[in-house]
Amino acid sequence: MGRHVSVARMNDTPINLYDHEKLAHAALDEAAWAYFSGGAADEITLQNNTRAWQDMGLAPRVLQDLQGGHTHIQLLGRSWPTPMLVAPMAHQRWAHADGEAGMALAAAAQGCGMVLSHQTSTPLQTVADLVQGEAERGPLWFQLYWQADHGALRALMAQIEDAGYEALVLTVDAPVQGVRDRERRLGPGLPLPEHARPVHWQAQPPTESAGLCAGHGNAAPTWDDVARLQSWTRLPVLLKGITHPLDAAQAVRMNLSGLIVSNHGGRTLDTQPASARLLLPVVDAVQGDAAVLVDGGIRRGTDVFKALALGADAVLVGRPCLYGLAHSGARGAAQVLRLLRDELEMAMTLCGCRTPQDITPAHLQWPGRS
Amino acid sequence: MGRHVSVARMNDTPINLYDHEKLAHAALDEAAWAYFSGGAADEITLQNNTRAWQDMGLAPRVLQDLQGGHTHIQLLGRSWPTPMLVAPMAHQRWAHADGEAGMALAAAAQGCGMVLSHQTSTPLQTVADLVQGEAERGPLWFQLYWQADHGALRALMAQIEDAGYEALVLTVDAPVQGVRDRERRLGPGLPLPEHARPVHWQAQPPTESAGLCAGHGNAAPTWDDVARLQSWTRLPVLLKGITHPLDAAQAVRMNLSGLIVSNHGGRTLDTQPASARLLLPVVDAVQGDAAVLVDGGIRRGTDVFKALALGADAVLVGRPCLYGLAHSGARGAAQVLRLLRDELEMAMTLCGCRTPQDITPAHLQWPGRS
Amino acid sequence: MGRHVSVARMNDTPINLYDHEKLAHAALDEAAWAYFSGGAADEITLQNNTRAWQDMGLAPRVLQDLQGGHTHIQLLGRSWPTPMLVAPMAHQRWAHADGEAGMALAAAAQGCGMVLSHQTSTPLQTVADLVQGEAERGPLWFQLYWQADHGALRALMAQIEDAGYEALVLTVDAPVQGVRDRERRLGPGLPLPEHARPVHWQAQPPTESAGLCAGHGNAAPTWDDVARLQSWTRLPVLLKGITHPLDAAQAVRMNLSGLIVSNHGGRTLDTQPASARLLLPVVDAVQGDAAVLVDGGIRRGTDVFKALALGADAVLVGRPCLYGLAHSGARGAAQVLRLLRDELEMAMTLCGCRTPQDITPAHLQWPGRS
Amino acid sequence: MGRHVSVARMNDTPINLYDHEKLAHAALDEAAWAYFSGGAADEITLQNNTRAWQDMGLAPRVLQDLQGGHTHIQLLGRSWPTPMLVAPMAHQRWAHADGEAGMALAAAAQGCGMVLSHQTSTPLQTVADLVQGEAERGPLWFQLYWQADHGALRALMAQIEDAGYEALVLTVDAPVQGVRDRERRLGPGLPLPEHARPVHWQAQPPTESAGLCAGHGNAAPTWDDVARLQSWTRLPVLLKGITHPLDAAQAVRMNLSGLIVSNHGGRTLDTQPASARLLLPVVDAVQGDAAVLVDGGIRRGTDVFKALALGADAVLVGRPCLYGLAHSGARGAAQVLRLLRDELEMAMTLCGCRTPQDITPAHLQWPGRS
């Protein structure tokens, strides 16, 4: 991995996302740090997620006319100021009192979208009310886990729709939680402070079947459940955690609005390849018939650029935003997104791309690292 | 290699197999640690064995129906609760007073099989008596080295059969011991305590020929000896240490019941490739005409999953079980096997596989690591 | 990376370019060191630049007749004593009072060329006057950034021509400055001492457009501007920062005299591949219709040899010369170039090449490193 | 690189070649250590030489009949007890008072050959007299550098023949000395003690030509000189330092008796590939029409085995023998060779090879390391 120059003067403004990570580490207690920063098992996927973006080489074009350049995209029926959203993350008030409200404000201020987690510690209406009036903000989405109690799930979905959320994101890659060693060291159950408890989350009843992972209380959805979910809502539905081209093809056949290529930030199934490696086969399978987004390991504007070059319509950024939030609340999260935006603009300029539409696979070159 | 988070509180329950290794290191004296943990020469194969499993990428499928999932397999004429056995390891009472008896109980309690070593420090009858009554246990096998004294060998085989062992495993990859530097540092001969001496092992007379490695007391078997062994028993015979496809084909021609792909845990011939890399060519050569098992380097449930995806019918786990035994006797060995079982179930669930039969090569993806 | 034996006795003559780097690090203050040694973002390209040359293997021929060997080449209408130039670098008086004048003298003394930076801290006439009389010197070139104020630019070009500079080098890979974290840590603006300010550089007015990187004051040139520049001068024009074969082909179509394959020393767009990897595709695209030079990461005579083997006509050497200058002025820079020259001669002798013309792709072998 | 277990008790017998290296490092002064252990430039080739052998995987066959196994080979008209020689190394009395005499005795005692260096610090007659009577010894060869003074060269060759040396080895890969940074740090000239000066070496007069590396006093031989040398002797002539297949083919056309594939132990031209990688193309080019030997990086019996598997007839071992000599004189060198012999026998046994003739390319498998 590249040499990340150490933070010489901690009072100064952090100048890259690694600085934000260090400041967050200093700000969080051990349990919160383990929860937010940790990954599954040996954290191989977690580490690969970052490294795989770095390992892709850029192939810039020079002397292009860049007048009137911008980062706007059109996606799912609206214009986005930037191709970036904050990824859904649980328990954000555990990181900082500003929590999901601060995160949503930061996203809106930077022209980025926000995906509120099913396990939000802030009411979804509060978050929606805060950003509704913001001009030039990105989209506001809600992420769901499948629930055994369909009535409760539908009631929640009604709330989501009423509050003005613009899409539903169903997470499909975590029928059980992964082998998270760092959390397991903390003992059973997260030591969540009262104010960081999920406000819309129903504890699942233990399953009674004698199948795999019995007693984990999982309510693992199937493709039939996806169809059910689609029938219950007028909102666009995206699936988060699709990585196999055959699953992507199935999603397209079922008219899903979009797919989020993700290995759950390396938190669930260790040794899944980096999301940067998973993206292209899904893009190829989808062939433009659904939006394709990606998350995992993005730490530089060049990483965002590379995701777009591989065919993603937009990216989700998770931990870095959380780190910014952790040490400085909404202001810190906004700084993170601003750094990424500025770096993305510089990467586009240096690669000779005026707009996101100009970014193509020909702007990549393998291998980037000797 | 992935970052293995250090054991923060040593009194706590170990939460992965690396914790068990650290606890064993603390519990064993220098000589025993060198003997059990060491490998041949520069320990390149030893290290690769673990890393090669990590380097394989997983390709999960999502939204599958997993109701009624289980880990049962059918092999060599019986049902196994899990596709795992404890690998044959010598001198287990050197690691802990519970020795082979404790190991066998741990295996039985976790639905795993047990392969008793020819160099067991516990009588084979004792071990057999202990587990015979256990319900839902895995198979009980006996591992043999070829012996120059055929009469003694046949007498031992009669004991094995009478005691109810279900198969014989002939180790074929160690006509001489390897270049084990860590043991050589201890001086000539293992400093085996009295109670850990092998109870069924006959010291081999020095050979008189002037061939290679003369005086090493080797009784290197040949294919003719394998045929001889088969003719002496009614039990299924497996060969342990087959890695070359041509040797695998020969074994199939001779109607061996199974093959164990193994590089002897990296203890014998350094720079042999990792067993994870040796498996597929043997599976391809055997084409289902014999059982194929594999050992070496398995430390995570995802590793077991990958072995099955490559075509193994089951896996053997060696050092990790020994480490569990070393620090906490039968209870520690059982914890190790339980961790692996749980992790295997999670890997199956997260990859969308209801049963071991659902696991295919399509669930793998190369390279898994950037 | 290879083991660079530490400088045992700092008073002694440095015996390789890494010694010069260490001496420079000791001689420069923190800000100057950050500016001169730093690269963009995570400095992946910076590190790869050096490593990629090392990773190429040499394929020497033996028993060749080497009588009358030499390092002379013919390029752009003149004979060069060596195929090496000092790369353009800004603010050289910040490194040492000898500045660009000392650097030019060092280059001339070693038969190397010199490319004076647009951001020189020494007047271009001073530099030209110093070297004009030197026998056996290499060429003297001037590097330009495109300027929004065309009048001022043409006035500067007239000065350059009058002073006897032999070619113009237009830098095309830096329409904006890159993400230079080490400089950003120093705060806004370089802490340039008065005597190291650029003497021919016009601060650019802030752009008013709302495009990408607005306010960066960039005057990004286009292909049309290149044609304009060509029409304004009788000197040969080279483009520095061409790395894409299609851009190279375009440059050939426009009759540019030469191309310098460069990633700006890893200072601008991180994760661009190493220049050693970028060279061959450009050579192939140019097909001899323009001079091809390369810079980035050259630290050994074998690196120069490899660049020639890949088809470069000559190489530019940047930071190492600056490091020599930093600790010992002109004498230090000359030592650096002398070491490279001697090492190049040894590499040629050991590979069986009498002259640069004898060096071919067949003298390379991949991969060079296990 | 594999983990080399540290020498726990330095008084004990070293149990592998890395132990011998450590003991030598402790026994030699700084200058001698730099001279004997150092390589060219960044020591990339030096390090690769060892690593490349490690990276080759072994593909053992099991259950073979190994009765009557041995390590004998037939080469250049005589039987060799082992396929190993001590490589030519200068100034051995600088390492230990036993010097070349001790080294030759050690080689003879272990059934290995010896190549005396042109820069021997012991008279060639003394060495020849010592080993002449040894039964079961390997061949005794003499290594030459080409000399400008042909008369002196022929006089030396007469001495060599008269003393009973069995072959001449002309080194062809060092027309000039390489860039040896570790030696350059010591200042000009080796601080050779009086008793370690070469006894048969003529200082070369400075060349007067103005070619490359003028003044280095090189007397670089050409193919014509090789023919001259052949015409002056009745002994078989081998070329040391052939690595290019076209050079190998030329050598065959000129009826050379043998080739030694070598990169001069990484001491001359850094970034030449490891000798393990250079071997096969030379073997293929020679097609059995000359003996092919190899040196560089051999530290284990498995390395010797791999060289034979790639088609080498025998191997030369350099630094390890010198290290044994350095700390314990002839006894230490003999220990080194004995370790290698024993490890070679074990590798053969474990791979199912009864004799060196049984070792084939099919006993290798790539890649050996994950």
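Letters are used for the chains, namely A, B, C and D, taken in the order the chains are written, and counting of residues starts over at 1 for each.
We adopt the following convention: contacts are C-beta pairs under 8 Å (C-beta built on N, C-alpha and C of every residue); 3 or more make two chains touch, one makes a residue touch a chain.
Bear in mind the structure is a predicted one, so any value in this text is a computation, not a measurement.
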| item | value |
| --- | --- |
| Between chain A and chain D, the fewest steps along chains that touch one another | 2 |
| Joint neighbours of chain D and chain B, given as chain labels | none |
| Chain separated most widely from chain A, comparing mean CA positions | D |
| Interface composition of copies chain A and chain C: same or different, split at half | different |
| Chain B-chain C separation of Cα centroids, rounded to whole Å | 58 |
| Distance from chain B to chain A - Cα centre to Cα centre, in angstrom | 41 |
| Multi-partner residues of chain B (at least 2 other chains) | none |
| Pairwise chain contacts, counting only pairs that touch as defined | A-B, A-C, B-D, C-D |
| Residues of chain C defined as touching chain A within the complex | 41-44, 47-48, 51-52, 55, 172-176, 178-179, 181-182, 184-185, 187, 209-213, 218, 220-223, 225-226, 239, 241-244, 246-247, 268-274, 276-277 |
| Of all residues in chain D, those that touch chain B in their complex | 1-5, 8-9, 12, 15-16, 54, 56-71, 300-302, 342-343, 345-351, 354, 365, 367-370 |
